[in-house]
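Have a look at these structures, which come just after this line.
Shared between the two complexes below is chain A, which pairs with chain B and chain C, respectively.
For the complex of A and B:
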């Protein structure tokens, strides 16, 4: 006979195909095993329960030995079932337990990073499981001051969110503000941007509050740099808060090289950043608005290379820049087997056919190639994307005002970036002050 | 961001579009870029402007020469602009060649320099030169020469000090400055078209407030540059029994004013390399001979300059602290003819 509680749970999950209620006879009393077949490995879990039952005399002792979470109310049982736990209810319904079962393996194991490629560094990357991810941090950062706060956020589903920081390093005021904000989350957090929007309105801004990294080493470095690291369940990234401009240029892996080499790497990233922002704009400004800036030989060379091209410099540049951005996006979307074909076709069309057809000038193709390469030199995919976006306003200003427009556009870009803050921490700051450190 | 401020932003953006004048922007390949500007006067008294314009399409012809006449330089330039196929962009002009009959007229030359300086389009850093030939012939001669390209005329003046120290380049702004200077005069290079090379350097005309006072030979110009403390490397000097190359030079000037008579002691140090020598010629002989030649040359120029009241060496600059500003205005006529220069050359072997 099924008791009231079991019936209640059953009715709750009546339209779930993979829901099960198994009856089991232990010490002449019946117990009910409740859970989802897709989440719980039933055969193994049954065996496990029986093994423990054999060494226990009563059902009560069994429940105590199985788990410390016993005799909870129905609501918690339902939650336990949804989280993939095995719920055991005694025949009379008076005793119950939420048991951590032997689970179906739904996770991939620790693999190499997909979006970053560290050189001379550990190649472990974060996976989907939040506990594994935090475990990876704990394993590499064995200190008692590493603090870990759990949150469950969301409206439709409760999603696990973890906040990690190092006590005594990360400013207390910052932790308090973030803690208050996370506790107040009402909406679902489906994407990283949903979480990003919680830290302040930046709907029109390309710069996120969070810096996503796949590498445990870089996450640990951020913790040591007095930052906060978030983990979202089923999200294979450590989300570093706050995101600073410096993160785009400096990676902890650089320091595996001698300091002069790491300086060189960072210097090239700065060049890449600046080149991406102003190179197309500079081309337009010099070719169409201020050719007098050119040295004489260069002016003649540029004039010659553009001879017979029907498009104006601005149209030509914007067409090429958009086309290149399209190709970059298309290569990401395509299956790996088709990608090289598109790369080749794109390369031939852009590099050769357009020049031979005299649609764009040789020089522009060189400029565009330089920009594409330069934009990928910064760290982090989202950073590379946003500097690719920021080049467009400068390009438009350059087509209107020439060199002056390039300067104004560049200065305004810097002013804009300098105006960004996350909880009063400027985006352009080099490092965050330690707890208790005086300015 | 409120809805209102979005409208404002949009409005500001539209203003940018309407006010920037971007429809007047011409791409570089839609512009005609003249490199050399020649100024002369026709027999009828009109200005004649000659432009050397590089030809980009044709492989055989490197440049073309376009002329226009007008009552003023501006109107002549304007006429060329009207008749040109493309928009003419004067901002890349690098050399201005003035024909001698204009250059020898102080008023005309002063006006030309003032016009060039005042013109917003023609860059004031462009070089100025004087020719005795027909300007048109100088500019068009470039197409007859083998292996030259459109910017050859300009390159002629930019070989760099080590390669041809005699070739002297004078930008427009320096000539303009000398119009108002009471202590320093200026040398303007003199060119003509060459037989096998594009140009031949003939020396320099010395200008005092826009008036040509004298003409110096290339080796004399050399000395002026040394005295203006421009390092003269690479100059090759032939002494008859040996030839040497100047590898370094430095000068120290010490002005003094005694009884209102200026005097200047100047020590010139020259380091030389002996390139070749006849048998039995000692180092000492070479040094003494060189010292003698340079001193002789200097005093010869100085005498000529003092006669014409032209301070090409800029010695007056040294007296700025000794003579008051108002007095210095009369430097050329009152002080300079009496200037005693104690010139000593010291030659060292490297």
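For the complex of A and C:
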């Protein structure tokens, strides 16, 4: 005999293959266990309920002991089932409870970071589970001023979003603005970019408002620097807001070395950044538009290395740059077992063949190699990608205006980056002012 | 603190931008010996004006020049600031054109000047449209990019120095003080933008003083490098003394043929930022006085400036017009600080008197 509520729930989930309603006899009364097999470990959960039932005399006491959330309405029961909880309804339907069950293990345990490789530092990385991620932060940052706000965002599905900040450090006005924005989210947040768009229009900009990191130590450091950290469930990254230019050049790991060494590391990253932006453009400018800049012997050397090459310097460079970006993308997508083969084919065979076939000059191969290496010297995969993108406009300007084009392109890039702000915090600022700090 | 460093950087960049192209020629025309006297006198005059300006502005905390004029009355704002804005348009366009000519002669002798002009204009207008914050932030990075090149220029040129080219004389009494061109020099040193920013940050005189010292030293180097290399008699015949002195340098171990390339790169950074500051000033003035969105004003006026720069036919006329424009600029440089100071002194005195009653 199933009561009205159970029937209602059953009809709601009638087309779900993994939905179950189990009848259990406890103290001579029947109770219904309802949930999803894929989310709830049914056998263990049954055992758990029975164990608690054995220590309680009545069904009512059992319900009270199982959970705080008892006797809720049908809506909440359905929500509970969807969230992966076990719903228990008594025979007459008058009593019910939403129980945290023994869950099916769908999560991988804490593993090492995949996209970042910290040196001389803790190697834990964030995982998919939002609560585990926040736990990892709490464990390392044991302070009462660490604040945690929960949001459920989205239209079709409600996705969990957590905001972490340190009270008294992060400016209150910033937190209020972010809070208002998050509460007003109407669309689904599927990707980091969906969330990014909520913080202001930057659809065509390569620079994100959020800096994604896998490392708890880096997220904690951001919190201490008066920033906000977001966690999205099923997203193994801490999303640091706002993203600053400095994040690309400075990592907390650097500070594990003596300060002179960390200064050196940062200096090399700056060189890497500038080299990625202007080296290909400089090659085009110096070879095709302004060869007179070099001293005679150097100019002759450059001319000689390009002897017999049919392509113009611009075409040659753009072909190589695109090819290299393709190889980099391909290596990311390919299975690990094929990756090294592609690297070899792309790097050695193709490079060598192109030089021998006189399609590109030796000098260009050196320049391109330097650029690829340099572009990876900055911190964060997305930062590396965006500076790889920014080199193209400069390259085009260089082919038109020579060294002038390189110079204008570089200055324009600086101005563009300087014009970016997230909630009035400039992208090029060094640090965010503490709450109450005088401007 | 950062903001003040940014303002100092803009201050130095604007002075350098005007300084490199026209400043030496004017100095060589003014005097044949003791050039340092002219530079020092001009810089001191400027320092006095800055002091007066700052004093005047400090009477009105958190207000900029336009607010103060509007306080005097709308008519005062219209009478003083409209001609100033028009003058700024001319200054910006001619400044851009002059730099374009120099840049062409260094980098791209075969490229038509309009192509480079349009490119420079586009970027300056873009920067101006993005607002003061962008200008100030990019100023720091452009400063870091430009100053090493300035230092490189100064040091690399020292290989060609001939000390005997310059006689460090004393020229008394300083007759040049009465010449019109001496005041024209002021027109190239635009410190007026300080009054347009003051609403955001309280400026301190001593920090500007440090920037002023740097500007003075750089002015000395700009004038004396061609003098050391060529001597006064040759220098007066040259069109761009600094450019030609850079072209004359030949360092055997250096892999680049022409030091002038670095000079050109430096000029590009300077002109873009200077023009964007000028456009931004125009936009701010017009928005506050005539109540219309600043970005429309900037777009419209920069277009006019572009047309002016395009129609000037040749370099001789260009220099003539530029001199006139800077004459007008010099007029405003004296008139605006003094009116602000007098009005501040007068109104503040009134308030104090009122309080006593």
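Brief remarks follow.
FYI, the second predicted complex is superposed on the first by the 437 of 439 C-alpha atoms of A that agree within 3 Å, B and C clash if a C-alpha of one lies under 4 Å from a C-alpha of the other, contacts with A are read in each partner's own complex, and residues count from 1 in each chain.
By definition in this document, contacts are C-beta pairs under 8 Å (C-beta built on N, C-alpha and C of every residue); 3 or more make two chains touch, one makes a residue touch a chain.
Keep in mind that what you see is a predicted model, and the values were worked out from it rather than measured.
By the touch criterion defined above, A:421 reaches chain C but does not reach chain B.
By the touch criterion stated above, A:332 is placed in contact with neither chain B nor chain C. In the superposed model, A:204 lies in contact with chain B only, and not with chain C. Looking at the shared chain after the overlay, A:292 reaches both chain B and chain C. Looking at the shared chain after the overlay, A:309 reaches chain B, while chain C stays out of its contact range. In the superposition on chain A, contact of A:407 is made with chain C only, not with chain B. Using the contact criterion defined above for the overlaid structures, shared-chain residue A:144 touches neither chain B nor chain C, since it reaches no partner. When the two complexes are overlaid on their common chain A, residue A:399 makes contact with chain B while staying clear of chain C. Chain A uses residues 289, 292, 294, 296, 299, 401 to touch chain B in one structure and chain C in the other.
Across the complex, chain B is touched by residues 204, 286-289, 291-292, 294, 296-297, 299-300, 302-304, 306-309, 312-313, 399-401 of chain A.
Touching chain A in their complex are the following residues of chain C: 2, 103, 107-108, 111, 115-116, 119-120, 123, 126-127, 130-131, 133-134, 137-138, 141-142, 145, 254-258, 261, 264-265, 268-269, 272. Within the complex formed with chain C, the chain A residues making contact are 289-290, 292-296, 298-299, 401-404, 407-408, 410-412, 414-415, 418-419, 421, 426, 428-430. By the touch criterion given at the top, residues 1, 16-17, 20, 22, 25-29, 31, 33, 35, 54, 56-57, 89, 91-92, 94, 123, 150-151, 154 of chain B touch chain A in their complex.
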